[in-house]
Amino acid sequence: MTEPTFTIPLWADLLGVGLGGVQGAMFASGFQGQRRLDLLGVAIIGIMIGMGGGLIRDILIGQPPASLQSNWYLLTAAGAALVGMLLAGVLNRVNTFIVVLDAVVIGMFGAFGTSKAIAFGVPEVPAVFIGVCAAVGGGVLRDVLMGLPVSIMHVGSLYAVAAGAGCTFIVVAHTLGLGIVPSAVVAIVITTIIRVLAVIFDVSLPEQRRLYRRKVAAETGMIPIIKP
Amino acid sequence: MTEPTFTIPLWADLLGVGLGGVQGAMFASGFQGQRRLDLLGVAIIGIMIGMGGGLIRDILIGQPPASLQSNWYLLTAAGAALVGMLLAGVLNRVNTFIVVLDAVVIGMFGAFGTSKAIAFGVPEVPAVFIGVCAAVGGGVLRDVLMGLPVSIMHVGSLYAVAAGAGCTFIVVAHTLGLGIVPSAVVAIVITTIIRVLAVIFDVSLPEQRRLYRRKVAAETGMIPIIKP
Amino acid sequence: MTEPTFTIPLWADLLGVGLGGVQGAMFASGFQGQRRLDLLGVAIIGIMIGMGGGLIRDILIGQPPASLQSNWYLLTAAGAALVGMLLAGVLNRVNTFIVVLDAVVIGMFGAFGTSKAIAFGVPEVPAVFIGVCAAVGGGVLRDVLMGLPVSIMHVGSLYAVAAGAGCTFIVVAHTLGLGIVPSAVVAIVITTIIRVLAVIFDVSLPEQRRLYRRKVAAETGMIPIIKP
């Protein structure tokens, strides 16, 4: 509790929630066949991706979840999920858009998580840990709720590494006395670049959804009936 | 923290825990074949359904879980799980009983969740959200622990809608200045009626357990060896 | 909050985290074929087993997680996971070692969980419950993250019973006025002995990993392609 004066600006927090909501709903909309979700299911995943990281962050820090102290978070996440559903039909084949959006969202959640942890006096190593959990936590909840293999355990390692790099930068910058706002911006850029480069240079990660279907088959060790 | 004087009466909380425990154990007892749980597994699911919603509610509000501040909750949940196991043999084919019990339990958890959130100063939208999470959270934990597809994401949408209607009523009634006790009673009735009507008029939801088995087959895209 | 002066000594807590990290990483390293984890995945499981029980314990008690208030926990868990990976190649066929290590870890997490709960004024029954959750919680998180059937629901009942016996002893001893340190030591011995005896006398539990593979086949009701 050493620096209680710092708070993440509401607009920045809501921007992360909104982008997460769009990304989550686009991802969930992409499933066809038996795994298809109804509209409410897509909305739940959107809200989960938008708000899940922040919830996990606050529970780990030991604070009441900030996203449940104001009406704006849920309204933003739900609205963003709606936008994501509409965009899914138009943009779901524009993989570049999805990948970059995903990377920026992970960067923001990680940066906010580590910044808030530092502000509440959490030491360096757990501050990075909380940032990484905030970055990838929403995705873990999504995979568990959708019955998918948890991506972070397999293909998703790159997420954790990219988020960890950004969060580590914040801790180092804070130790050096740099301001938390410019540090967070640089951290988001670092995470985004690592994640996007990882996708570009790793030919096995060209498309999330297709990969997931292949992963389902690989994980269960059986060929699914579902036609892609 | 605007109205710290309100607390859910212990008997009401324990009634919800007890009915949830009965319902959870009856549900878990219903599984046959390879998915069959041992007695301890059935008890765990009963306790989870009875207490899971309240745990999630309190964690989201940022309070120490009320159900772990007294011996009565666990004793009630465990006793209720025992009753549920015994009743399962007798009543598991009386679908009406299971469906109505399930609907009342969801209504109670939702009403208690939103009421407590309001009492701790949570704004309107997250108060409804917390109520819905309390109502459906126990079922999500159950599905994850049992390795079932998470029902709320697929067939279970109606749960969330029914719970959401009841919780929204409480928030509106509170804004209009109505007392929280009569509001909660009406909310439970609203959720129960919506949920029961949904089951009656939706021919695809005649029996939970059979549906789940079919869902397992549909979800994995393969015909299971398990003979119903 | 009746006895706020008691705290688990840091070295004891870190010993539990370290042994848990070794055990988790050894377990996760054992998987071959399609379920094989990459190095980061193994490290995550090690950290999860080392720290997961304590996180769940503190969230249930309503305290900020102790393992995130110091750098040592994560460093210990990560280092232990590394050791576990190295040991896995050497010792993974020495089943006795794995089984005993697992039993001791469960005993420590259970004893620490119940002791801390008592220290924060939690009543007897939930104090035992929190201990059992701390003992088995890491394993549940592991199974969910790895997409395995949750062992505690099926084969793992013996874990919960063994942990419950140790935790109950602590509560009884505390009621009788015995000191918490000797009580915790005895509780760890009780849990370890019950668990090890259960493995020795139950021929169906000779090896965890093989059992899990068989369980996967049994649970899904299909023969997996994975060759053991």
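So that you can tell them apart, the chains are marked A, B and C in the order they are listed, and the count of residues begins at 1 in each.
The criterion applied here is as follows: contacts are C-beta pairs under 8 Å (C-beta built on N, C-alpha and C of every residue); 3 or more make two chains touch, one makes a residue touch a chain.
The structure presented is a predicted model; accordingly, all values stated were derived computationally and were not measured.
Taken as a graph of touching chains, this assembly is complete, with every chain in contact with every other. By the residue-number overlap criterion, the interface of chain A with chain B counts as different, with under half of its numbers used by both chains. Rounded to whole angstrom units, the spacing between the C-alpha centres of chain A and chain B is 28. Contact of a single residue of chain B with at least two other chains is seen at positions 59, 144, 220, 222. Per the touch definition, chain B reaches chain C in the complex via residues 33-35, 37-38, 40-41, 44-45, 55, 58-59, 63-65, 67-71, 73-75, 144-147, 220, 222, 224-226.
Across the complex, chain B is touched by residues 59-62, 117, 122-126, 129-130, 140, 144, 149-150, 152-154, 157, 160-161, 218-222 of chain C.
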